[in-house]
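Beneath this line is the structure, given in structure tokens, with notes to follow.
By written order: A, B, C and D. Residues from 1 in each chain.
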Amino acid sequence: MFKKLIQESMGKSPWLFHINAGSCNGCDIELVSVLTPRYDAERLGFKLAGSPRHADIVVVTGPVTKQSLPRVLRAISQVPEPRCIVTMGSCPQSGNVFRGSYSVAGPLSKYVHVDVDVAGCAPKPEAVIDGLALATQILKEKRGQMK
Amino acid sequence: MSPVINALSYQHFPIYAIMVLFLGAFLIAVFGRNRTARNVLALLSITASLAFILALIRPVMLGGEIIAYWLGGRVPAGGYAIGIALEVDALSLFFALIVAVAVFVSGVYSIQYMRHDDNEREYYTLFLMLAGGVMGLVLSGDLFNMFIMVEVLTFAAVALTAFRNTATGALEAAFKYLVVGCIGSTCILVGTAMLYAQAHTLNLAQLAQLLPGNLNTATKVAFALLFVGFGTKAFIVPFHPLAADAHGAAPASISVMISGVLTKSGIYGIIRLTYFLFQTMNLGTMQFLLVFVGSLSMFICVTMALAQHDFKRLLAFHSISQIGYVLTAVGLCTALGVSAGLYHAMNHTLFKGLLFLAAGAVLHETGTTDLGKLGGLSKKMPHTTVLFLIGAFSISGIPPFNGFASKWMVYQATYQKAVESGNIGFLLVTIIALVTSVLTLASFVKVSQSVFFGQLPKELEHVKEVSFGMRLAMGIFALLCILTGLFPGLVTSYITEPAARAVFSVAQYISAMGFDASGVAAESVVSFAHVGVWEPISWLLILCIALLAITIVAVASKYDNVSQRSGEAVDTKYELFYGGEAQEFSQVGGGDLFWGFKHNWRGYFDFMYRLHSGVVNDYALWAVVDLALVMLFSLIVL
Amino acid sequence: MTIVISALQYLGYVLIFPGFLFCFLAGMLLCGIDRKLVAKMQKRVGPPVLQPFYDFFKLCGKETIVPASASKTTFLMAPLVGLAALVVIQLFIPVFSFSAFSGMADVIVILYLLLIPAMSVILGGAASGSPYAGVGLSREMVTIISCELPLVLVLLAVAKTVGSALGTGLCFSLSDIAAYQAMHGSLITKISMLPAAVAMLLIIPGETGNHPFDAAEAETEICEGLLAEYSGAPLGVYKLSHAIKMLTLTSLFVALFLGGLGTGFVALDGIILFLLCVVLTAVSISFVHAITARLKIEQIFKFYWTLVSGLALISLVLAWYGL
Amino acid sequence: MILLNYIASFFLIALGLYTIVTKHNLVKTVIGLSIADYGANLLLISIGFNPGGTAPIYTWTELNPSSFFVDPIPQALTLTSIVIGACVTAMSLALVIKLEEQYGTTDTREIRRLRG
């Protein structure tokens, strides 16, 4: 019973940790707007956590520059299992307008398994919420696969 | 009765308890070249002294007997005491008990702790002289003997403070202590002389019989001189900077002696002086003096401690802060207050001893006590950490350790006094005491973060746990801390209340020596009634049940199934979170940990820092000003 | 046989009411209601009221990472000790006329018992070795110092008021305070106790570390401070402790100032207590949270040692002169 | 005559304290301590003085109610006190030498590594 309870809870209380991997700040602002009264993602249990140790979902924005790559990977590795990685905006998926730049190491999926991609430059808040909701479902599944 | 059996009667135990220590000092000075002989002699004499004192508990503490012992059988002739006397009532025995226990543990600790020092023979000689001096002081029934013992212990303490004279500040501390200590001793001598000129006796009991009611200018001045003299021994404000210097510079085992034993002898002197010799404690103004000085010591020293950067110096300031509690509670002149004060005095010896020994263990292994250079020792010295935490919780008054039990009684006593006397000043004292307690906690959080938790500096990678002997000594103190905290009822009814009752039975004290006590009021009705309730055993039981229940739930739900780094492989998962950066050494700690607090008090701290200038002339000036003020006070009030 | 029954009864107190189960359910609900209320005040929908339960169970299902530089035993045991100590405090606070373990601890003891959960957070954080925890520790300790002075003044004021009314001079026992209020009505109806009650309301968010006094666990600047390295179940236990602390402090307020509203039926009293706690939480935690921004640590100290202490001192002086 | 003794003894004590408080040289501080000590000793010996009394040296049989002698106790006390004073002076001078070696000065204003 407890296992089921925990698995259910896993889908209802996803805490976010936001990593800026060289973003232009457009997506960052959109992510914050998701938590504002208008969209209020907290009604789904979303909360911004201060430390990766507390997080369930890592939201990465920006094209993953060479400077930020080791830091992003380190922070992601410090998130306890089960965890989901969500890329937000087109940059971490493809590099967007920064593609081919000498300083860009992305896309992120070259280095870690990315669970959800939310495309757009910047994605609409509705899209972000949709992507995060999808991530919570994946989180729940991952929890189910754990012992 | 045959002489042998006579010599084994407990009547002789007080003098034995003193003499074994001095004899040990002498024998070590003569035969102490061999390490084994030295250790055996030292251990034997401190154990014997402890045994003699423990054997006296039954007749004196429980039986209520007062042992009057005339050296050489020279009993008073013609109503005047001509011989040297020892007089042991429950109060003396209480302090002797503290002394004996502290000396014993400190001695056990010394054997391992001082192993790497040279001149160990001199160390043990002086150590036992110091112990014997304090023991003689608290068991003496004679004012001049008290002076001699004060000189012996001051001398030994100064020499021991300077013992590691290559360490920073040891000589300086010793010199400052010597100067102000000698001013104090001279005060005691002059005071003794003036009392002798008036009463023509040096016997405490007879002085107690003659002095009250016959006060003139000379005796009033003598009171001030003796008060200041014993004040320097207790290091109460304004003598606290010397305590900080001396405790900080001395070896840890001697810091235990200075803070646990020497300061108590000062408190003992003040109690004897105010409650017995002059019997002035029923005066409101006299209570004010003690409570005022006590509260001042309590508060100034705790704030000074918060600003310290050195482990032992911080402990030294706390030592005086706790002595402030004792003096405040004793100064209330209520049965509960005296009992609380004595209880706290005992607890102070236990937990402060433990903390100093822990500081010594850190110094022994790392070679420094600078809070800014230490950190993360809990992984290297787990036992010392646990023992230190027990001491820290005790001194900060976290239940169920002993500091809480006695502090709680102090609050009860001060607040009760405030309500009974209708004096709002005592209310302020209660508040100061409570706030001091939380500031104490704060500075021990600072120490535990700066020394035992946080990150381990590279230079301390080689540190090991201290040897078993040192841990044993700390363990004894820790065990006593827990026991006296868990059974406050037993401690108060068998140890502190007889002692407190003795404080209020001056008439018995006088008549036990064979003097006429008809002029002195008989023992007043003494009530130890509390207002509050606190049952540590039940609390602990409930806590254990709760903790057990939580732990069972936690273990059942695989709480302890944690992932932890295996092997030495570097895995970023188990690094600390540094905002994504690689882990590097960054220890948050040191003296200024509580900047949020200090910022608001910066004016006060700047002022205090300028005041504690470290120049010996300034401290001497404080002593002289204090003497002048107390003299003025006693001339007006008494 | 009777011993077994009474032992079971006490075990029931510890485990069910007013011990664990009650603390767990009521504290979590309180926390959920608080979050919902703050959301409503900010014109948001807000999380479901049961959100703290979801958070707790989710955290139980997460991996617990012990950092390589942490002292494992302290790191893992500190949350459990803190939780147990909090539950025990709740046992000592009477539910109106009913008190599970009366005559075992008085208000001064409660004052000190409240330090144990705080110590558990501080030591647990310190044991993790994180510098964020070091900064958080400093701020947490200063917050404790800040709250201590006004809390002491409030408790002394109450002790004096009840004591002089009962003729004993002073009264530290919580059950006596409850009994007095049952006879003479709540203390908050006394003019002299009003400033103390207001002070106590301002102390509650400070003691629990809620907004705007949460400098110690500011997640935006020092990554939740002391809790920065905690993950999984131990973090869940800390979140639970935080929720129970809200319950403990609000029910302490009820015991000190709002006694005498009980009915005599324990179950009903429990519900009334909980409702009062909800109201108090709404006033002192949610409302303050919604309208203020986080204070700096030195501002917290100043606020408590001047304004709040001043209020409590007024009460104490009024009580002293019997007004 | 005896009054002069008392005045002198308190003057000596005050002088000693004055020296300790105002002089910044370690050796002078030690001298101040000694002066204060001498003052105390003078006070002690004056207290026991009876004008016209003989030395308090009697055998048991010689002692009778009419014998008039100075009080022996203060003399014993003074002796003890002098011995202690000598020890203290020796010790403090030893410390002064060591301090001079370590700090390179005997000025008390420079010897303040422990402060605050």
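Details
Criterion: contacts are C-beta pairs under 8 Å (C-beta built on N, C-alpha and C of every residue); 3 or more make two chains touch, one makes a residue touch a chain.
Everything quoted here is computed from the prediction, not taken from an experiment.
Steps from subunit A to subunit D, taking the shortest chain of touch contacts, total 2.
The pair with more inter-chain C-beta contacts, choosing from B-C and B-D, is B-C.
A summary of chain positions shows that the Cα centroid lying nearest the centre of all protein Cα atoms is that of chain B. Centroid distances built from C-alpha atoms place A farthest away from subunit D.
Remark: subunit B and subunit C have CA centroids separated by 35 Å (rounded to whole angstrom). Chain geometry summary: the mean Cα position of subunit B and that of subunit D are 30 Å apart. With centres defined as mean CA coordinates, subunit D is found 62 Å away from subunit C. We define each chain's centre as the mean of its Cα atoms; on that basis subunit A and subunit B are separated by 59 Å.
Shown for subunit B are the residues that touch two or more other chains, namely 557, 573, 575, 577, 579. Touching two or more other chains at once are residues 60, 63-65, 132, 223, 228-229, 232 of subunit C. Touching two or more other chains at once are residues 2, 51, 53, 78 of subunit A. Contact topology of the protein chains: irregular, matching none of line, ring, star or complete.
Here, these are the chain pairs in contact: A-B, A-C, B-C, B-D.
Across the complex, subunit B is touched by residues 11, 14-15, 19-20, 60, 63-69, 71-72, 74, 76, 80-81, 83-85, 87-88, 91, 101, 103-109, 111-113, 115-116, 119, 122-123, 126-135, 137-139, 141-142, 144-145, 148-149, 152-153, 156, 159-160, 163-164, 168-173, 215, 223, 228-229, 232-234, 237, 296-298, 300-302, 305, 316-317, 320 of subunit C. Per the touch definition, subunit A reaches subunit B in the complex via residues 2, 19, 51-53, 68, 70-75, 77-78. Chain contact summary for the complex, subunit B toward subunit D: residues 144, 148, 151, 155, 158-159, 162, 165, 168-169, 171-176, 178-179, 182-183, 185-186, 189-190, 192-194, 196-197, 200, 202, 241, 244-245, 248-249, 307-308, 313, 608-609, 612-617, 620-621, 624.
Considering their complex, residues 557, 571-573, 575, 577, 579-582 of subunit B touch subunit A.
Taken together, the subunit C residues at the contact with subunit A in this complex read 35, 39, 42-48, 51, 53-58, 60-65, 132, 218-220, 222-224, 227-232, 235.
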